Structures are given as structure tokens and as C-alpha cells.
Amino acid sequence: MQQPLRAGIIGASGYSGIELTRLILRHGQVQLGFATSDRWVGQTVAAKTGLGSELSYVSVDAGLEAARGCQVVFLATPAESSLELGPKLAAQGVTVVDLAGSFRLKDAALYPPYYRFEHTAPALLAKAVYGLPELFREQVKGARFVANPGCYPTAAALSVAPLLHAGLVDPQSLVINAASGVSGAGRKASEDFGFMEIDGDFRAYRTLKHQHLPEIRQTLSQVAGADVPLVFTPHLLPVKRGILSTAVAKVKKGVTTAQVQQVLADAYGEEPLIGVKSEPDAVRLADVVLTPKCLVGAATDGAHVVSISAIDNLLKGAASQAVQNMNLALGLPETMGLL
Amino acid sequence: MQQPLRAGIIGASGYSGIELTRLILRHGQVQLGFATSDRWVGQTVAAKTGLGSELSYVSVDAGLEAARGCQVVFLATPAESSLELGPKLAAQGVTVVDLAGSFRLKDAALYPPYYRFEHTAPALLAKAVYGLPELFREQVKGARFVANPGCYPTAAALSVAPLLHAGLVDPQSLVINAASGVSGAGRKASEDFGFMEIDGDFRAYRTLKHQHLPEIRQTLSQVAGADVPLVFTPHLLPVKRGILSTAVAKVKKGVTTAQVQQVLADAYGEEPLIGVKSEPDAVRLADVVLTPKCLVGAATDGAHVVSISAIDNLLKGAASQAVQNMNLALGLPETMGLL
Amino acid sequence: MQQPLRAGIIGASGYSGIELTRLILRHGQVQLGFATSDRWVGQTVAAKTGLGSELSYVSVDAGLEAARGCQVVFLATPAESSLELGPKLAAQGVTVVDLAGSFRLKDAALYPPYYRFEHTAPALLAKAVYGLPELFREQVKGARFVANPGCYPTAAALSVAPLLHAGLVDPQSLVINAASGVSGAGRKASEDFGFMEIDGDFRAYRTLKHQHLPEIRQTLSQVAGADVPLVFTPHLLPVKRGILSTAVAKVKKGVTTAQVQQVLADAYGEEPLIGVKSEPDAVRLADVVLTPKCLVGAATDGAHVVSISAIDNLLKGAASQAVQNMNLALGLPETMGLL
Amino acid sequence: MQQPLRAGIIGASGYSGIELTRLILRHGQVQLGFATSDRWVGQTVAAKTGLGSELSYVSVDAGLEAARGCQVVFLATPAESSLELGPKLAAQGVTVVDLAGSFRLKDAALYPPYYRFEHTAPALLAKAVYGLPELFREQVKGARFVANPGCYPTAAALSVAPLLHAGLVDPQSLVINAASGVSGAGRKASEDFGFMEIDGDFRAYRTLKHQHLPEIRQTLSQVAGADVPLVFTPHLLPVKRGILSTAVAKVKKGVTTAQVQQVLADAYGEEPLIGVKSEPDAVRLADVVLTPKCLVGAATDGAHVVSISAIDNLLKGAASQAVQNMNLALGLPETMGLL
């Protein structure tokens, strides 16, 4: 019988970290080796997750030590922390899946304007694999350092990548609006995310400046084989979880809805974690929340295409995609522990 | 002392109709002459509005009769009904403010595809004035038949009309996404708008087909002096009231955020019902709900502009704008009864 | 290897019916034999549940026929239907778990005032076992006809049964207030349960007349060995799922919080599906939603006890408790398929 | 013409303070003299309230100075602050309406256990008038120091005071459950009141220990002419505003619903700010939000009475009741500025 693999989690008390901890505890083939949390050191994983576990949360230092006995370590920390911890863990030889943004942008010069720090590990940045399996699966297989995509970039890229790749849409014309539940802001004690501020409200934030903009552009440009200088406007929804992304672009003359839908069907028909709907209006946030899936639907009026996608920002937008990437990196079945 | 004016309301039990009834009851210079409601015939206006009134709801037929004693009648009915009632009331010589969509589109040929009926009163359609005061104030003054704008068209047009008029943006590149609270769907007993379906959800609807699309296009084309073939995607928010509209378009080379904001300030600086914010992110749905105001804010990255606006769909998007139009049509101060 | 058992579900498209279908599809030891739904006849179970299944929904008549190949049938129908279907299925010899209320009240005379029908199957009523396992486990084991408890009665009874049984509280003084999410009203197209009516609202309903009142009284009187003529006031919460029950009663002189908590710990310490919290304030609705568990916490000021419990109304208040009862009735491990 | 009166507000940036500021700005007979806010010093009152005002927020020290030019000062501060400021202002000779709890409980010994401070102004405590006008109107008229009631005590007392006064219910049997919107917790940056914690949740808090318990007991005991040792359990609702209070008590033998309703009608029939509904289920939170009114409805089964009331916690539970008290204290019409 095979020895179970061991996975460690650094940053296990954020919203994504908790989801990830639960997924690992239920995975089957992978055991939880350790979980770090500054706020919960000494408290039991069982109490916080509601699942069976003998472990208690430890400090980051203790986690780094325990990482030596693990095959994979997840970083579910702020970007500044993963920038520092990623190289340390990589040097230890453990496979790393980084849920923060520090190793997603190939152009290190984009970090100061969008993340407000200088990138201090360009060599590792060059080696990191961008873990969006439905677009870059072969690269993720066996990877030693996976940059897990951001939540908006996952939803946005999946909705239009096949259409750009097929040459149906004008890469210069892409406009993406997206809306996220409050968990996207992370766990924090802030009046801004208080019930009194959020309930009944809707607004845009970081217009033209969001750190996910260059990530989406990088992915779509790679897929399109040409620069895709999109506009991306994120909004804050009065719901806990989920992202809905609405992409609009000009299409080549004569393109029909049937063609658009065929391109999506060809791209995603065999994908276990993507569902293609018959029209954009059939993509509903509520249908993906608490699932590891992405739904996509598109239509055209002959001049423009509208392609809408939805994911759970904490799952396909973070934790379940991290497990998907781990499975690919470690040679396990891709959806193990997810369906 | 001046004789008080009398206003009648046909369709007073819909969400907009109730708001309108309350505004008229509090107006000061205008008295409620009658209010019709199929579902509430015989019940008191006081009980349903919480405001002082001696009236009870009557049938439409009784309302048409009572209209003879009124200076103005509001139609807050479905479009099919206003198409039939509008000409009857116009023939009686009373001033009409129509909150339905039947007299908004100058091109009668757009009714079958977008409203699913043939237009049977093209002569009145030609005479009807489109009542968006901040853009077409002079035409509304003294008008005898005002087509009150739709909720989305009000928010969408106000956010970009000055930028199009100033020639800052490319009319061929406009993409508008908007999101509305549930009251926008009107009052109905439907599982689709049940709490179980709406809470926690977000989705687009009538993508590429919404009846407000040609209305926005008509207004903006008139303002721009050129066709503005925009894409419009409405979404359904889990809130009761309010619309937030996010418009994106390409700008002329070299346009700055300061220029964009100056154009808005010039256009709206003196408008009592429009507030210009310093950035798009400062436009919040919650700040306009229960008010007759529109907030607008815009910024550019030198290639695109993002202009965001917000209104209460039942007030500036329906009832309070109808009162604003009535005031202009009857020669009263424009914001009487609104601030 | 053991032949898998087969379970049928009549009424599989209600909120409880869907949850139940999912639980059976994931059960492990029990297979779904058939599922009936008037509204979904011919549609696939996979499409509606998101889980793997080859079945399509069938009519009730087809379900009754298919029931001959099943070991157990669940009734997740309105009470009027289960009153008719229960005896038919019992006559076929299949084990029945009835989620409706038709076989819960031992006194048939209570049906006309509380359920508005005459009870037509008093013989079966006498045989039916009330399936609240934590109170009546031994009777459920091997039972052929289980009346699955109501949602409020489950929450209410579990919060105070041990205290009544231990003689700590005055049975004449019990006051229970409870609040339920909207799913408790069932699936229906009604303006009353529209988002516009529910969001931001809270209210009591069926005060002094709710059909769960005699059910709670029956259970608690049996446990207390004396009549417990409580007052029960249900309220409607603006949430989708969950029930929180707040019970207040006079205590015997000198009773301490430590004693109260000890009684709960003694009663429930070994229960896999009940968690005892250290204080009433620690019982939160959000912690039980989507789980098969009940949380309970109590405290006293020396004169009164306040005991609060919470469940997911669709799971411990309906579907998961039905599976728990099925497991006991069929001789399977009690929590199989639930944890 | 009469000189307008001037009112100052200390603590104008809390939720109640903002509501109060708006009410004063719209009052008609009373002008805003000053408004203090630590967080908003120097910002304009117009920007924060959306209403016309030339004033900017000032510090508390500046406010105390400005109070010399005012006829009335409102304290909308934490209780610790009003305990200190109340005597200072009273010594200046200005009329004070204190929205905090520091001068509500006649028994100073109750402050340490319920408010966690020693009461340092027992002489003023003895003079302070408890400002629940519907119960103690004559005492409020011309009062110089009014203790404005708490939100829960207002709702709870109004629902049962007439029934206790009439001797219909057993004072030893009263159980009150209430639920409040999140604004009741005040404005604070806390994860506990974040959208992620509140949405979808419901729970009790401060069970058996809430500081409003002795206040309700004091009021009802005075009305009943006997001690009313009730149990009070507050809950936290996922809504912004409003309190619903559900009171249950034993009734004298033979009492009918008609009698109960007659007692309420007799007590409140002439009250401009109380509405008596035909049954408890007709009292809905949504109907009182944004209004200065209290709704009450009651029924009995011959053994117990259930009496339900609802108010807006920030208005009848705080700011509008403070204005009602100011009107009575200054000799103005009681509902001036409220309807």
C-alpha cells in the first residue's frame, strides 16, 4: 500500500485557508501535515473546521520546520509573506502551491505599481508555473512551484480564452466587469466590510488599478498570441461568496452564437470542472457557490460577444484550484478530493 | 392664492406607483386627484401609503373619468396599458407623464422586437417629449405628453452623455454593464424573485435583448450627434432598490482624468439632482437609495474611461423623475416636492 | 458482498426532497431507487442535484410501482398526500419514513384544528414511531413506519427535553420562541416570500396556532412525565436556512448553570449529532447550516433557565434526520452518509 | 415671530446621532446649534447628512462651549461619556435629553453589574425623567433632564404595559424575546459585525445579562404596581434596522383576545405614534423601519397572551423619541418634526 502524502498549509485561518484545510482533511490520498495560523496557535484544527483531525495550529516558524516532512506546502498568506516564504520552501525541495499573488506575474516590473513591493525573487518567478489547469495543464503536471491564479483572473480568463484563441474576437476591444462576494476581501475587522456598509450596497473598487488586471492581461495575451489590453472593473456584491464575470468584446464579422458556443464546447466539453451553459443568462452565481466548478455561457449579436462566467471565489478561485494544481503536480488524479 | 393643481395616478399599486403616490401626497403645490389600482379598489390610500389622504383606490375606468378634473395624469402601468391609455388621456387635453416605455422610442419599428407589440399611436409617439431633464430640459418645459425615461436609461445616459457630447470618447466603443435591485422587476408573485432564489445570487438577464438598449442608444446618439451602438448587459442584484451603471469606452489620445472630471463638473455642477464624485469608486448604491439624486464619477487610464453612476430605480429611475417632469411641464419649480 | 439497499423518494423536488435526494445519492450503502416530482417528470436527477445518477424523475404513480423494488420509501410530500400514500406503502410492506406531519400526533383529534383534515388512518397512526433518535432511539431501531419530526419540534424538544426529564424546570412555565429561514415555508411562487417582502423584515406567524405546537407538547410531555402546556411563537427570518429556538422556563430553587450544563452534557455527551456549547450565546445559526447537527447551550439566573438550540431546518429538521431514522430502521450505522 | 430654538448634539456621528442630526435639521421650529464628532471634526454636516447646513462638526469641548447658546443639548454618546457630560450641561442650565443609559435606572446600585461603572451623579439620577411619553407624558412636559429610553425597553414596555396596568396578566410570568438589527450595536470596526459573520446568521447575546433588562423591569414594575421579574433575551438579526419584541405572559382566567385588544386600543387609540394591529402576526419589522412609530398587536389562547411590538431602533428606539421628548420638554407640539 502506498504511503499517504503529507501537505502543509501556511496561513490556514484566512477564508481560503480554512477551505483548503477542509479539502485536504477530506482528500483521501493526502494527509494534513501541519497548519499555521497566527491567531489560532494552539487551538485545534478539529474545532475550527468541524472535521476530524488530531492537529493544532502552529506558528509559521514551526510550520517551516514541519514542512521538511511534507511533499507539498500551500501558501495561503498575504502576498508579502509568500514572497518571502516561497523561496525558503523551494530551497527545501518541497513542492509549493502559492495562493498569494507573488509569483503570478512574469514581468517583475509590474509588482511595484500593482502590489506595492519590489520583487525579490526573480529567479523563482521565472520558474513558477501559472496553475490554471484548463489552459495550461501540461505545464502544471509535475511542477515544483505553482502560482495559483487569482479569483478574478480565473473567472475572467476562462470566459474568453477559447474565443480569443480561436480568433473570433478583437483582442483590442475586451471589457470585463466582475462582481465578488465579501469573502474576496479576506478576513478583517473593518467598518468597510461591516454588515451596515455592505447590505443593500453595490460599488466598484480599485477601478483601473486592481492587481488582477495585469494577471488577466498576461494570461489572455498568452492565449491570444497578441496583447490583450483589457479594461477590468471589479465590484463588491452584498453576498458572502462567488464571482460573476461579464466579458464583452467585438467579434469578427459574421460570427454567430452557434459558433461561439461551439468554441466553448470544444474547449471545455471534456473538462470535469467547467460547465458550458446554453446562454449567458443561465450562468448564476448561486449555482457555483460551494462547488469547485466554473460555469460559462456566451452569446453574440453579430457585432459583440458577451461571455459570462461564475466561480466560487474561495474554491475554484483559490482553495479547490490549489488542490487541483497539487493533484497535477504530484501525479494524482486531477479532481481527487474535489467531486 | 393659487388654486392647487390636481394629479391623477393610473397604476398606483406597483412599486413605482406607490412611490409616486407618496411624492404627490407630500408635494405641496399638487394634490392627488385619484389613484387607480386593480388589486386595491376600495381600499384607502392612507392605509397603503402611511400618509394622510381621504381617497380610496378606484378602477381604471373611474380614473379616466376623474382625469377630467385633473391637470396632469401619470401612467404607472405596464407598457401595453399606457399605449392604450396615453392617446385617450391626450385626447382629453390633460398633461400626461407616462412612466411605461410605450412612448420613449422614436422609431416605432423598434417596438415589435423589444416590446413585443406593434405601436398603434405613432402620431402621439412623434409628439411625446423624452423627459430626461438634465439632458433635454427645455423640451420638457410646458410639454403636454412626457415619456418618462426607463431606470437603466436614466443611469446609463447620465454617466456618459457629457463625455460623448464633448467628443472625448469613441462612440463605437461603449460597453455598459448595470445592476439593479429586485424592485426593478415590478411586483409579482413569482418563484424567480423569491428570497430563496435571489439571496446570495447575482446574474445577468436579457443579455443583448433588453428593451432599454434601444432607449439608451437613442438618447446617446442624439447627444453624440452620431450613432452609439453600445452593448448593454443588465444584472440582478440581491438588494431591494437601486441601479449602479458602469460604462467603459475608449477615449481620445491624451485625455486625462482631470479633463473627464471637468466635463462632468461643467455639465452637472449646477444640477440640483446630480452629484459628481471625485472617482468612480466613490459612487455607491447605498448613497442614492431613497433619494431623487444621481451620483456620477469617472476616471481614465489614458486609453479608456470608466464612468459609474447610481440612482434609486424607483425614484430618479421612475417616480421622482416623473414628478420632476411634471413640475417642468406645469411650470412649477423643478425640484418642488423632491428635496 | 452485501446487496445494496434501495430507497425511493416521493416528493423529491421540494427543498427537503432535494436535500434528501443528495444524501441518498452519497450514502454509500443505500442506492436511489426512484424519485418522484410532478414538476420535473422526465428531467434527470443529475441535472437537478449536480450529482451522478442515471435516474429521471417519475410521477407518483410510477413511484408507487417502483416502491415494490425498494426497502425504504421516503415521503417528502405535503401532509395531505402522505396521509394517503403512507397506508398504501405500509400495505406493500416497505419501510416508510414520512417527512410530512400526518403521522406525528398520537391524538387524531388534533388533526382537524391544526392540520385542517380528518385523520383517515388511525390504525397506522398508532403504529407509527416518532423518529427523534436522541430521545427515542430504541423505538426507531427496526421500525417499519417512522414519523420524521417537524423542524421546529426537533430544535425545540432537543433544547429542553433533558432539563424536563431531570425535573429541573417547571413544566407549566415553558415559553419557546423560534425563528426559521425562508426555506421552512417550502417552495412556492408567492409574493409573501418574495425578496421584496422578506429582506429586511422579521415577524411572527401562526401565533398560538402553529401545527408544530401540539407536536412539541406531545414530545415534551412524554419526556417530562407530565403535561407541558408550552407557548410556541415561530418567526420568519431573512435567511435561507436554519432554525434557532430560544426556550425559557422557571427552574427549581437553587439550580445552577453548572447543573443545567451537566444535565445537557450527560444527555448528549455521546451523541454524534448534538454539540453542547458552554453558553446560550455561543449557539449560532450559521454554525449548523449545511450540517446534520444540533447545537444546544443553556444558562440560568437561579430563577429561570434559557436554553437555545439551532439546526438546519432542511437537514436535522428534515432530510438528514430522515436518513438517520432510515439507518436506524434498516439496522445500518446511525450516522452513515451524514458525517 | 418667535425666535427659533437652538439644539446641540454631542456624539453626532454614531448611527443614532446621524438620525438625530437629520431630524433636527428638518424640524422647523428648532435649529441645529452645533454637532460634535471626534471622527469628523472639521467636516461639514451637509456632507454627512445630505441636508442643508452651514455647520461643521466640532470637538466635544467646543460643543460644551457652544451649548451656552442652546436651549437643549442631546447626548448621543456612550454611557460613560454621558455620565460625565450630563451633570456639566445640567449645571449650565440647558435642557438635556440623554440618549445613553446613564440616567435611566433609578437604583444606582444596578450600574456596576449592568453598565460596569459606579454611578457618580446620584443627585441628577434622582431628578432625571424617564422619557417614554406614551407612559409618562406628564412628567416629561417641561422636564430639564430627560433620560431617553433604550431601544429594547421602548419596544418591550409598550407591548405589555397596558396589559399589566389593567391587571390582565400575571407579573411573575413575563418572558420577552426580542431581535434587533445590526445598527443596535453601534458603529464599530469589528469582525463580529462584519457582513461575513452576520449575513445568514441569527443568535442570542448577553443572555440573562443585558443592560436593558433592569430598565424594562423598572418601567413595567412601575406601571404594574408590583415587581415584574421578567426574562429578557435579545437576539441579533441580519438586517440593518429595527426591533421586534415578542412578549409572552400568563393571563387571568377567562381573558379573551377581544379584551386584550380593547385594552391596547384604549391605551393607544389616541397616540399619534403607536399603531394597534388586529393580531400579533400583523406586526412587521419592515413596516416601522424609517418611521417614528411603534406597532403593537396581541392575542390570547385563554391561558397566555402573546404581545408583539416593533420599532425602528434608531428612531422610536433613539433619535425620534429624543425629539419627541425635546418637544414635550420645550413645550412644542409633541410630534413636531416627526410626521
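Per-chain numbering from 1; labels A, B, C and D assigned in written order.
Note that in this section a contact is a pair of C-beta atoms (placed from the backbone, for glycine too) under 8 Å apart; a residue touches a chain by one contact, two chains touch by 3 or more.
Given the structure is predicted, the values throughout are model-derived calculations rather than measurements.
For subunit C, the chain with the farthest CA centroid is B.
Taking the options C-D, A-B or A-D in turn, the interface that duplicates B-C in more than half of its contact pairs by residue number is A-D. The distance from the centre of subunit A to the centre of subunit D, each centre being the mean of the chain's C-alpha atoms, comes to 48 Å.
Computed from the mean C-alpha positions, the centre of subunit A lies at a distance of 39 Å from the centre of subunit B.
Contacts with at least two other chains are made by residues 197, 199-200, 238-240 of subunit C. Within the complex formed with subunit D, the residues of subunit A that make contact are 15, 182-183, 187-191, 193-200, 238-240. Remark: subunit B residues 173, 175, 177, 179, 197, 199-208, 229, 231, 233, 235, 237-242, 244, 246, 248, 279-281, 283-286, 289, 299-301, 303-304, 306, 308 touch subunit A in the complex.
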